[in-house]
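Two complexes come next, and they have one chain in common, chain A, joined by chain B in the first and chain C in the second.
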Partner chain A sequence: MDARFTALLRPFLKPAGPGEITLTPDTDLRKLGVDSMQAIELLFAVEDTFGISLPDEELNDTTFATAGSLWNVIAAQLPAGAGDGTAGRETA
Partner chain B sequence: MTTEPAPRPPLDLTDRLAAVTEATEEHLAHTDRAAEFPVAALDALRRTALLGLLVPVAHGGLGGTARDLVAAAQTLGRSDMSVGMIFAMHCQQAAALVHYGSERLRKEVLPRIAAGECYLASVTTEAGKGGHLLSAQAQLADEGGELAVERFAPIVTGGTHADGFLITMRSPGADATAHEVTLVYAHRDQLDLTASGDWQPMGMRAGHSAALTLTGRVPGHQVVGEVGEFHRIAATVFGPLAHLGWSAVWLGTAAGALSRVLRLLRSPAGRARFDLTSELLLTRIARSRQRLDTVHALLQQALRTVESGADLSAPARQLQLNALKITASEECLAAVDDLIAALGLRHGYLKDSPTRLEQALRDLRSAPLNYSNDRLHLADGRLALRDQGVSFA
Partner chain C sequence: MPDARYAPLDALPRTAPGAQVWAALGGAGLTAGAYRDRRPGTGIDPAGLADLLTAVDARFSVAATLSVSVQLATALPLLTTGRAPVARQALDGALAGRATLALAATDVTAGTDLTALRTELRIEDDALDVTGEKNWIANTTTAAHFLVLARHRPGRHFTHFTWVLVPADAPGVTVRPADSALFAASGAGHVTFDGVRLGRDHVLGRVGLGLPLFARHIGTERLAGAQWGVALCRRVLADTHRRLAGRPHGDGALWDRDAVRQRFAAGLLRVRALHALTVELADQVALRHDATAAATLKAAAGATVHHVLADCAQLWGAAGFTTGGIQELRAQAALFGIGGGADEVVLGTLADAAEDVLAALERPGTLP
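Here is the complex of A and B:
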């Protein structure tokens, strides 16, 4: 997960308590307030930031479940070498 | 060429449904006038084992499918929309226990449902959350492995008659957000219940839905699904079965109304009273029938989508299920309104007409408000934006 991604994602997350969240691929987006209403706003932010368009068939609940699942779908659309690998091999 | 194994033929529920319909019709005028829960119909649902329609045979139930639920809900809706909705909502709760209950909970509760001893009510409403199903304010408290429930719900259909409750609560823990919702089951004897308020609605008067305060403690294995995983139950069971079941009930209510109108018109008295060559009358009947065929077609297609086992969170599938709910709630109401215009004051508007159009219209007026169409349109707008290619399920 690259820094542009974590930076765009952070404003969408609403933790219960004070303090910053540590973003990992396992971060549960739904628990932090990314419901189906928020997902479309997040999609626009992703597409604007990376200049990509995510395929319709990837825009299901599984993709928006965790930071890692969303990043994997983004990384697949980035030009070769532009993304830094799948979320599973990265630390945030 | 390979073919799918033939699906099990639908259950023959004719006699069971006839028994419930008979009990319903006998008390219909009274439950509507007095806004009383249809106790006789519920007793018949218990006696005929229909409360266990969706409970697997292995747990003593009828082992019915979504298709059986749709057929039964439609039949009951023809007699009384309140009874149909009470039944459909109970089945939706039972399906959540079947699919997500722990092994221990399933063993404890499913045989009781199948035996007609456990009518389930749903506690998902909460003051101040604007009907957001997937959020919760009141929080479960973990007290040494037991979960403490303290919850006020402004609307619980059948709450004063239910034997068990499925309750949405915020997950336990200091860092749980309003989006971490857990579903718990509670037996009636595990709760202190206080009903409040008066039930005097326009329609659905037998669907007694008072406000309820629930307080009690349940053991940990009565969490349904995992802690914080209610959204998964909502997406796979609650949502799809609600839209299918409710739409089937509404279609039944409008179809029952149309059928009674046609029987009246074709009777000797009706033919003497109404000019069946009137183009206005014929057009109004045709329009009403056309609306019901539209809903029926969409209901059957949505049923096939649910039966396919495909991921129902895909935008095209969610949009189709939402379209079913919105279309059924609007078109069934409009179909009955057409019939009132067709028949006029005496048989369209008066309570004592055998067409019962007056009650059908009042009852169906609740359909667009029950999980509000306004909310579904907003969700659909966002879902549509996620499907630029406009695919259809």
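Here is the complex of A and C:
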């Protein structure tokens, strides 16, 4: 997960308690407040920020389940070398 | 001095139904004025939209204005997401007023539970199949095309829905008018799709983007509702003021009584507040698709129209019950709290954004 992605994702996440969220590929987006309305805004933000369109077949609940699953779909649409493809641990 | 632009509207009877008003707007080239650079694909021009809604509201019924409003604010911009010739032709026809559009989102299920909708879209290699029913849709009895929100997968996830353009004359489409004297002029009705077969080119936008597109375009409908609410309240207050000033009471007129003036002033205050909010938030909705701003406008319009019309109706007394009088108008205007997002839905959206709204109201550096 690159820095642009984590920076984009951060405002959509609502921590359940005090302290910062450790963002990993397994981070459950829904549990951190990304409901339907938030996910719609996240989708538009992703497509605007990266200048891509997520493929129709990837528009599903699996893609939006975790930070890693979303990043993997984004990375697959980026020019070669623009996305590192796999995610390191980030702090949001 | 009346604006000559609206002469084609003045030529119609006050009882003209929405489809006739829509035809006059398009025929006179007025419809395009609701959009930036007069192109629906570029988005709403808030001032142009407000002008048209105000002009239509001043001349025709709430039902007719509803018919126009939903097409101007939502259906026509949504139709621009279709790139195929079939969508282009439908757009050209609607823009020119040759045809009306029906935005068919509300299903047989509750309108407040949109992701429970049952209308199904089956996507095959080279065809679409639409089956389901939509209820209480404006322009149903007059539409040349339905913009149908359907599900292409089971479940409630926001990516499971797609817009599809369905010609009203396609085999399997059945229309029946709603049982509503109040909204007959809007073409309100119910439509059934029974295995309607269409080409893949009838998808609007992209498969899976149904709810995201709806979220973006319903925002402009909520802005339109607030602009229309200002126009409606202003004209009702003006009519009421004339009535009160000319109605003898004691040695003067009803308008001279403090209780009447204060009640009237409360209405003025409400409509000025709605107007100010509309001016403040219009660009946030039209340019930045701000869902919270749109919900704020819709909630404010619902409350304002309800209170202003109730107070004015009280001030009209028994005369308010005249056929076509303010009590009838008040019943129609209950639409403002129901259509395009019920009060409860938009207040819920506002509550979801409570922390952000409160933060935006802070004055930096002033709090302990």
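The definition used in the following text is that the second predicted complex is superposed on the first by the 86 of 92 C-alpha atoms of A that agree within 3 Å, B and C clash if a C-alpha of one lies under 4 Å from a C-alpha of the other, contacts with A are read in each partner's own complex, and residues count from 1 in each chain.
As a working rule, a residue touches a chain if its C-beta (ideal position, glycine included) is under 8 Å from a C-beta of that chain, and two chains touch if they have at least 3 such contacts.
Treat the numbers as computed from the prediction; the structure is a model and nothing was measured.
Colleague: Just from the overlay, do chain B and chain C fit on chain A, or is there a clash?
Modeller: On the shared chain A, the partners clash.
Colleague: Taking the superposition as given, does A:21 touch the first partner, chain B, the second, chain C, both, or neither?
Modeller: Once the two structures are laid over each other on A, A:21 reaches no partner at all.
Colleague: Have a look and say if chain B or chain C is in touch with more residues of chain A.
Modeller: B
Colleague: Once chain A of both complexes is superposed, is A:30 in touch with chain B (first), chain C (second), both, or neither?
Modeller: A:30: touches chain B, not chain C.
Colleague: Should A:8 be classified as contacting the first partner (chain B), the second (chain C), both, or neither?
Modeller: The answer is neither, since A:8 touches no partner chain.
Colleague: Tell me the contact category for A:78 with respect to chain B and chain C: first, second, both or neither.
Modeller: neither
Colleague: First (chain B), second (chain C), both or neither: which does A:60 touch?
Modeller: Both partners, chain B and chain C.
Colleague: Touching A:40 in the superposition: chain B (first), chain C (second), both, neither?
Modeller: both
Colleague: Touch test for A:52: chain B only (first), chain C only (second), both, or neither?
Modeller: neither
Colleague: In the superposed model, only one of 167-175, 311-319 or 347-355 in chain B has C-alpha atoms clashing with chain C. Which one?
Modeller: 311-319
Colleague: Where on chain A do chain B and chain C both make contact?
Modeller: Looking at chain A, the two contact sets intersect at 36-37, 39-40, 43, 56, 59-61.
Colleague: Over in the complex, which chain A residues touch chain B? Could you list them?
Modeller: 14-17, 30-33, 35-37, 39-40, 43, 56-57, 59-62
Colleague: Quick one: which bits of chain B touch chain A in the complex? Just the residue numbers, please.
Modeller: Where chain B meets chain A, its residues are 134, 174-177, 179-180, 228, 231, 235, 311, 313-315, 378-379, 382-383, 385-389, 391.
Colleague: What residues on chain A touch chain C, complex-wise?
Modeller: Spelled out, the residues of chain A in touch with chain C are 36-37, 39-41, 43-44, 53, 56, 59-61, 63-64.
Colleague: Would you pull the chain C residues touching chain A in the complex into a rising list?
Modeller: Spelled out, the residues of chain C in touch with chain A are 115, 153, 155-160, 206-209, 211-212, 215-216, 289, 291, 349, 352.
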